[in-house]
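Okay, got some structures for you below.
Common to both upcoming complexes is chain A, partnered first by chain B, then by chain C.
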Partner chain A sequence: MNHCKEHYDIIVIGAGATGAGTARDCAMRGLSVLLVERFDFTAGATGRNHGLLHSGARYAVTDQESASECIKENMILRRIARHCVEETGGLFVTLPEDDLGYQKKFVESCLQAGINAEVIDPAIAIAMEPAVNKDIIGAVKVPDGAIDPFRLTTANVMDARNHGADILTYHEVTDMLMESGRVCGVELREQRTGQKFRVRSSLVINAGGIWGQRICAMAGIKVNMFPAKGALLIFGHRVNNVVINRCRKPADADILVPGDTISLIGTTSSRIPIDQVDRMDVTGEEVDVLLREGIKIAPCLAYTRILRAYAGVRPLIASDDDPSGRSISRGIVCMDHAVRDGIEGMITISGGKLMTYRLMAEWAADMACRKLGLEGRPCRTAEIPLPGSETPEPETGVRKRKSHIIELSTDQKAAQGRHGTMSAEISYNADEDDALVCECEQVSVGEIKYAIKKLHADSLINLRRRTRMGMGTCQGGLCACRAAAILRDETGNPPAALEDLASFVNERWKGMMPVAWGQTLVEAQFMTWLYRGVCGLQPHEEACECETNENADR
Partner chain B sequence: MEYQIKNISPNNLEQCIKCTICTVYCPVLAVNPDYPGPKQAGPDGERYRLKNPEFYDAALKYCLNCKRCEVACPSNVKIGDIIQTARIRYDKRPVSLRDRMLASTDFMGKMATSMSFIVNTALRMPLTKSVMDLTLGIDHHRSFPAYSSETFESWMRRKAPDQSRFPRRLSYFHGCFVNYNNPALGRDFVKLMNAIGYGVSLLEKERCCGVAKIANKMVDEARRDARLNIGSIRKAVSQGRPVIATSSTCVFTIRDEYPHLLDVDNADVRDSIQLATAFINRLVDEGRVKLVFRKDYRRRITYHTPCHMQKLGWSIHSVSLLRSIPGITLVPLESSCCGIAGTYGFKKENYAYSQAIGRELFDRIIEAGVDLVATDCETCKMQIEMSTGVKVENPVTILAEALDVEATMKANGVI
Partner chain C sequence: MKYDTIIIGGGLSGLMAGVKLARSGSKVAIISSGQSALHFYSGSFGLLGHAGGKELLHPLEAIGSLPAGHPYSKIGAESIPALADDAKRIFADAGLTFIGDASKNHFRLTPLGLCEPSWLTMDDYATCENPSETGWRKATIINFKGFLDFLPGFLADGLKKHDLPCNYAEITLPAIERLRRNSSEMRAAAIAKVLKGPVLEMLAAEINRAAGDSDVVFMPAVVGIDSEQPVRELRSMVIPKLLCVPVLPMSVCGMRSQIRLRRYFEQLGGTYFLGDNVTRGYMEGPVLKEIETANLSGMSLQADNFILATGSFFSQGLAAEPDRIYEPVLGADVEAPADRSLWCGKSIFDNQPYMQFGVVTDRDFHVMFNGVPAGNVYAVGAILGGSNPIREGSGGGVAILSALQVARNIIAAGRADMSEAQA
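Coming up: the complex of A and B.
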């Protein structure tokens, strides 16, 4: 899976949404691209957010520029990433304790930014979304939605690869190659073997998110990132089908987003030291805050089972001393270090947010082309759909398993939702292919095989991010060992299969631990019996080295 | 932790910890790989249906509603209810004429008993069976139970001995099968209850319990019947008469399906609705009645536990009563589904599954070499008789047959 050339036009560091988007954009413009990532796609902030297709309304009052970027990208993503987006619509509700006066200013700001915000009767809002607090005194309808960051990033990476880019995951940048004051490549360490090697390039694009500060430091560049930790909770099933926001100044736990089979409440915001960004543990206080505030917008959260908790770091570039990090601009920062620091050969793209990943990529690729003297290669990412979203409707003709049942099986429908038109590549030729690996999230053997062959996955954690395997109610209790067997069969001899299984189970447990009560605790206990008691999996001191640093994500 | 202290969620699907025990106990999954099984059709599928109703899987129609999954579940998930509710809520296909006919037991019974001779003859004819198979999709292997020329209700009103002379009173929920097909069981029930000092009266009005209509998605009709039944039951209970039935499925439906599937509240009368064998056995246990049996009654029998009886947990009552008959040799029989599940097995598309589900049970019954199988469910009776050739009777009939009526009456101070 991992091979690369000696020299590239561009090396993109970081396979989050921004890095993947940048790799795609550059590759589509005909550049030779290497995308390197120290873990897996979406292992950083991309995999640890709300999955909210922002309308921009949330930023309208404080940051017009971000708001108008959001609504533009929102409309583009609905088109180019159709299979990653769910058009749920969104509400901004005013609770009795909130100031209804804010609503007017809010709506005005939205309209000014080009966001179609419409004041509606609270009764209509309650009818639209029965989970919302029945005591609301105001409601505004906005074009929010849900977006799956895993699918979005994977689709970008796949399309970059389709355009000739090479992909190296589990390769950490350990040093910058510097020659006469300019960056001319990177030194990489293969995480699994520890082997180091060098790759040269005309330009390095640093899309390392919060870790970008460290990347810059390797080139002797000083950048101050502003790490703001945000924690979220995942509920076991959908409690709402419309995004619910609280109509007030952005504060803790004021957005409830439906995402695939679950709902997410978030976020908190707390400043953390930069050296803590690899330790994202959710605290009891954060869980309390999320529940206390979450219950106000959707009272059913008081008793709905919580699957897990996770936290991400907003990769913002510090611009002032605001201690909360909220009033900071979500604006995009695209830096040519030749101009800023006098160091040629490197660009840092940061700030922004998931919603604007494509625009960030466009800016970075524009700058790269300019620097490489390749003007006149226009960005086409706003028009050309991502793989999976090509045609208006998913292709028909998927083999129906049950001849006497007129419709697709649940796992086939789920796979269509996850992979869009690409789901046609999932084989259902053998009965076994339609057997389920992950029962909670309806992932079939065929889909796992497809992910291994086509989606750059060779570990269980990779497979989870590509398919949702292990993201459901039982958090990997039943699917992990089944998927491990398929991995073995498909890849021949995967490295350290038992360690892979153990680190997968451990990662799931990390996310369950902060909310381990009620049935979630029972579930975790049951999983322990299964893996230790039935399967004989032993707890081990050192989990696979390359994954120990990986925190719990969605 | 300040919130979620009690963590008792009304979202019953969340109680599932994916242990998958239900899957092992599902009789359908064992024979039909197209059925997703209780866990996936129930709590797992519900998560997807909450996301989008289009995830409703038509294969849920294969669920027997036997509730064996619920009995097996250690986490108290109402799996069967989740599946039935999903069928009712999301399956938008219209109810077919065939399903409507099968489910409308009252209507069909009334029509058939009025011309029972012709109907019975016709239903026995291979030609009729073929025509019904081809036009309606009612499997030709099935025999409809013969319709009686006189309903049980009309017998009660016109011919039953005076019931007012007995010291205690109860109301009998006879059900459609007793009324239209097997009034003999009703007569046996009256004989038995009279012998222990209970006068039997009919409910003011009785309609089908609704089990067949629920299974065939005729929920509005089922709800109407349920409201009427509960009204009659409430009246009987308020007049001091418990309501006793001889069909385990009728009792189960009225007690346990009315509130959550049909939204008909029965909390005030639920405890007063009892199955005959459970009612009598408790009286015997408490020493309040005595049963005296004939010395010359000799039978080798076995007891089949209907699925709904398993769910009620009451087979112990039927078995205990049968055991108390001195002349009976009771052969133990493992509890498993016979496969018919009411109207399910009559449908052509289900016939093969129905028989495959019951196969082991049939073999065990034949192997047991019994004179008679006892069971509290009328459709189990049809299925086992058709598939094994062994005669099946309700325990009440067996008790009534074995009873020394005069001695029992004396022992209970009735005469």
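Coming up: the complex of A and C.
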């Protein structure tokens, strides 16, 4: 994993969806690419949102441009990222306390942006989605869906790698290499060893999200980002099958999204100082708001177990260097710093949203090709499916040893849902491959080994993001030990394995802490009993700086 | 129906109190909702393993300096050695053999190969007096193919730290292979159910073959779900010393303890209501008169004394809502702040305040209702506040000793009543 060349055409900083998409796009256009990330894929804003495949309807009234970008990308992602998308459909519902007059303007704006919004009878909406509040007075059907940001990003990284890109995770950019006023590479610090080294490139693309401001500063470039924190709650099972939105001006906690085995309510929105972006504690007030508003959309949330809480930062950016923030945009900002700041060799791609990651990547890669003088290399990412989403329908791995099983087992079906056609690479040959590691999410030994070997995972937190192991109702209570044992055997690094286990268990706890009552507190006490009590586990060193362990993740 | 004492909760503390009272000739009933924390048991009970951030070798010496609200302080340091001896006798009579002594901790081997100070450990489990001088020369660790809940790699890492070379061998048996057909069946309790009779002989042969010249063999603790007999049989057939290491729950020896203690309680004439829940208690002033349960609808149960042994949050003895922590069975007073930001600490490995929450009792463990102690209601075990069972390594000790202390007091009070009546 640690291998890299001395020089690349492009170094992409940040392995969120945008960085991963940019690396893939550039690599597909034949450029040599290095993707660097200070932690793991999706460790920033990408892994800390709703996982909503926006139809764009939410932005239709306030921001036509974003809305029309969203619906176009929505349709593209359904094709190229089939295995990351659930075509659930969406509803915009009007509660008795909301203004039904907004609905008309909303539908008109949607249609104008090219979003197929259809007013339906509230009774039909309730039949479509029984979890919705029965008192709704209006309903509009829109083409929302759910998208898994972890799979989406991983698939982009894997395809970048398939096209020759090198990937370095847990490598932080500590400095920009500057020569006669131009950027010509980066200095990297390997987080786990502290070792520093330099890599040169013709161009650096900064896809660092909110952390991009710091990256710019290293090159002496000033950009103004405006971090907006958004908190969300995860519920212990999938209460709704259709995305439910409040049909009103966007406000706190007005979207309930189903995803895999769970449902998510969010978000809050609060401005935070830029120096607080690495501290994402969810407050009691945020939890209270999310619950109070969430229950209005779906009353069953009042008695559904809350699995955990987490928060992310939207990287809102001023599109010029206006320090007041008045020109703030939720749209995509792609900056050529040669034009903007007179510093050659660097592009910043920011703003936007998960939904438009591919378009952002396209803009950045277009600009990169122009700057490198490489004409005639068109973007193909809107047509060529991601690994896992190729057609025809996936050929599935068949258990050799268990020839009497004709149907796929639950864990095989789950793996197919998670990895699409890539699930055919999961081995069920070895004797123990079909043993279950994570019962909540049906993750087998074979899938864990596949993630370690093929999906660039070497810690339990990585494995969770690749497979959903530990994301279910027991929050890693039992599977963490089992997976740790496999990881230990596969990587052969015993002392780190125990630290890794402690770090994983603690990250799960951090997400449970803001909602630690009812069954969540019961689960937490069980985890503590098992790991600290029965197993005698405790971290020996200061919390490893090399993981985003400070914050709870999904 | 009328009993001398009714115990609410059939886990470790409820059973210990029940057995102790039944041994004295009392008419006792236990109402148990089913599983208890014993099902997640490590194979060892701690008395006091850690205090003031230090690992303890001599727990009795440290007990005197615990805070006044700690259950051990309420029992009184001077009473503890006698209660501890009593506990060992009761376990032995129930068919559970433990090693260990309250005066000095030994070390148990955890599933991750770490050593933790303990008071009592089941004698088929791996323990040592001193982790740096185990006395073992060469070990073989065995596991069943496809069994993920035993962690041989971590165990070997831990043993290597103490200079014990380890071999590793995977074995399988036809009976185990049958379990493996369903991927969620390879769990400790399911394995324990097939390891008996002739299967044990086959297992012993496999272990002997794998052990080579090792003087000690470590295996997952998956033998003997309802008695020690299968472990004894197996150990008699294995040439090297055979020691069990705990696995992830469910705990086979925990089930064994639960079953043995319950059977012993019933042999002594106790009544065990399994799968029932107390729905209501009727207080008259500071006295609990009777209770109702879900299964015995319309019929109430009366007793002179009641013992609340319902455990902590995990066992539903305490419950938390966003703005309060309460005791759900009788509505007893609970010592815990209403502000939930004070319940938890940021690291799961740090002190977690909620672990110390519990019902309020006086020094004799009488439960308080609205600030007044109930004369005939006691609390024992994990529902008691004032100790942090996980950080202190005191969960087993608090459960066992508080139960025996309360039982002893009830018996003593009964005798006093009787002699008064005779006089």
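Keep this in mind: the second predicted complex is superposed on the first by the 523 of 554 C-alpha atoms of A that agree within 3 Å, B and C clash if a C-alpha of one lies under 4 Å from a C-alpha of the other, contacts with A are read in each partner's own complex, and residues count from 1 in each chain.
Methods note: contacts are C-beta pairs under 8 Å (C-beta built on N, C-alpha and C of every residue); 3 or more make two chains touch, one makes a residue touch a chain.
Keep in mind the model is a prediction, meaning the values are calculated, not measured.
Shared-chain residue A:D500: touches no atom of chain B or chain C.
Counting residues of chain A touched by each partner, chain B versus chain C, the larger count belongs to C.
Of the two partner chains placed around the shared chain by superposition, neither chain B nor chain C is touched by A:D159.
Once chain A of one complex is fitted onto chain A of the other, the partner contacts of A:D148 are absent, as it touches neither chain B nor chain C. By the touch criterion stated above, A:R238 is placed in contact with chain B alone, chain C being left untouched. Applying the stated contact rule after C-alpha superposition, one finds that A:D336 touches neither chain B nor chain C. Applying the stated contact rule after C-alpha superposition, one finds that A:C481 touches chain C and leaves chain B untouched. Of the two partner chains, neither chain B nor chain C is touched by A:E362. Contacts of A:F526 after superposition: both chain B and chain C are touched. Look at A:D98: by the touch rule set out above, it reaches neither chain B nor chain C. Comparing the two complexes, residues 284, 288, 402, 409, 436, 439, 478, 517-518, 522, 526 of chain A contact chain B in one case and chain C in the other. The residues of chain C lying in touch with chain A in their complex are 37, 40-42, 110-112, 114-116, 145-149, 151-154, 157, 180-181, 183-184, 186, 246, 248-249, 312-314, 316, 319-322, 340-341, 343-344, 346-349, 352, 354-355, 389-391, 393, 395.
Interface of chain A with chain B (complex): residues 236-238, 241, 258, 260-261, 284, 287-288, 291-292, 295, 302-306, 402, 404-407, 409-410, 413-414, 436, 439-440, 442, 472-474, 477-478, 517-519, 522-523, 526.
Those residues of chain B lying in contact with chain A across their complex are 1-4, 6-11, 13-20, 34, 36, 39-40, 43-48, 50-51, 54-55, 57-59, 75, 349. Across the complex, chain A meets chain C through its residues 284, 288, 402, 409, 411, 431-432, 434-437, 439, 444-445, 478, 481-482, 484-485, 488-489, 494-495, 497-498, 501-502, 505-506, 509-510, 513, 516-518, 521-522, 524-539, 543.
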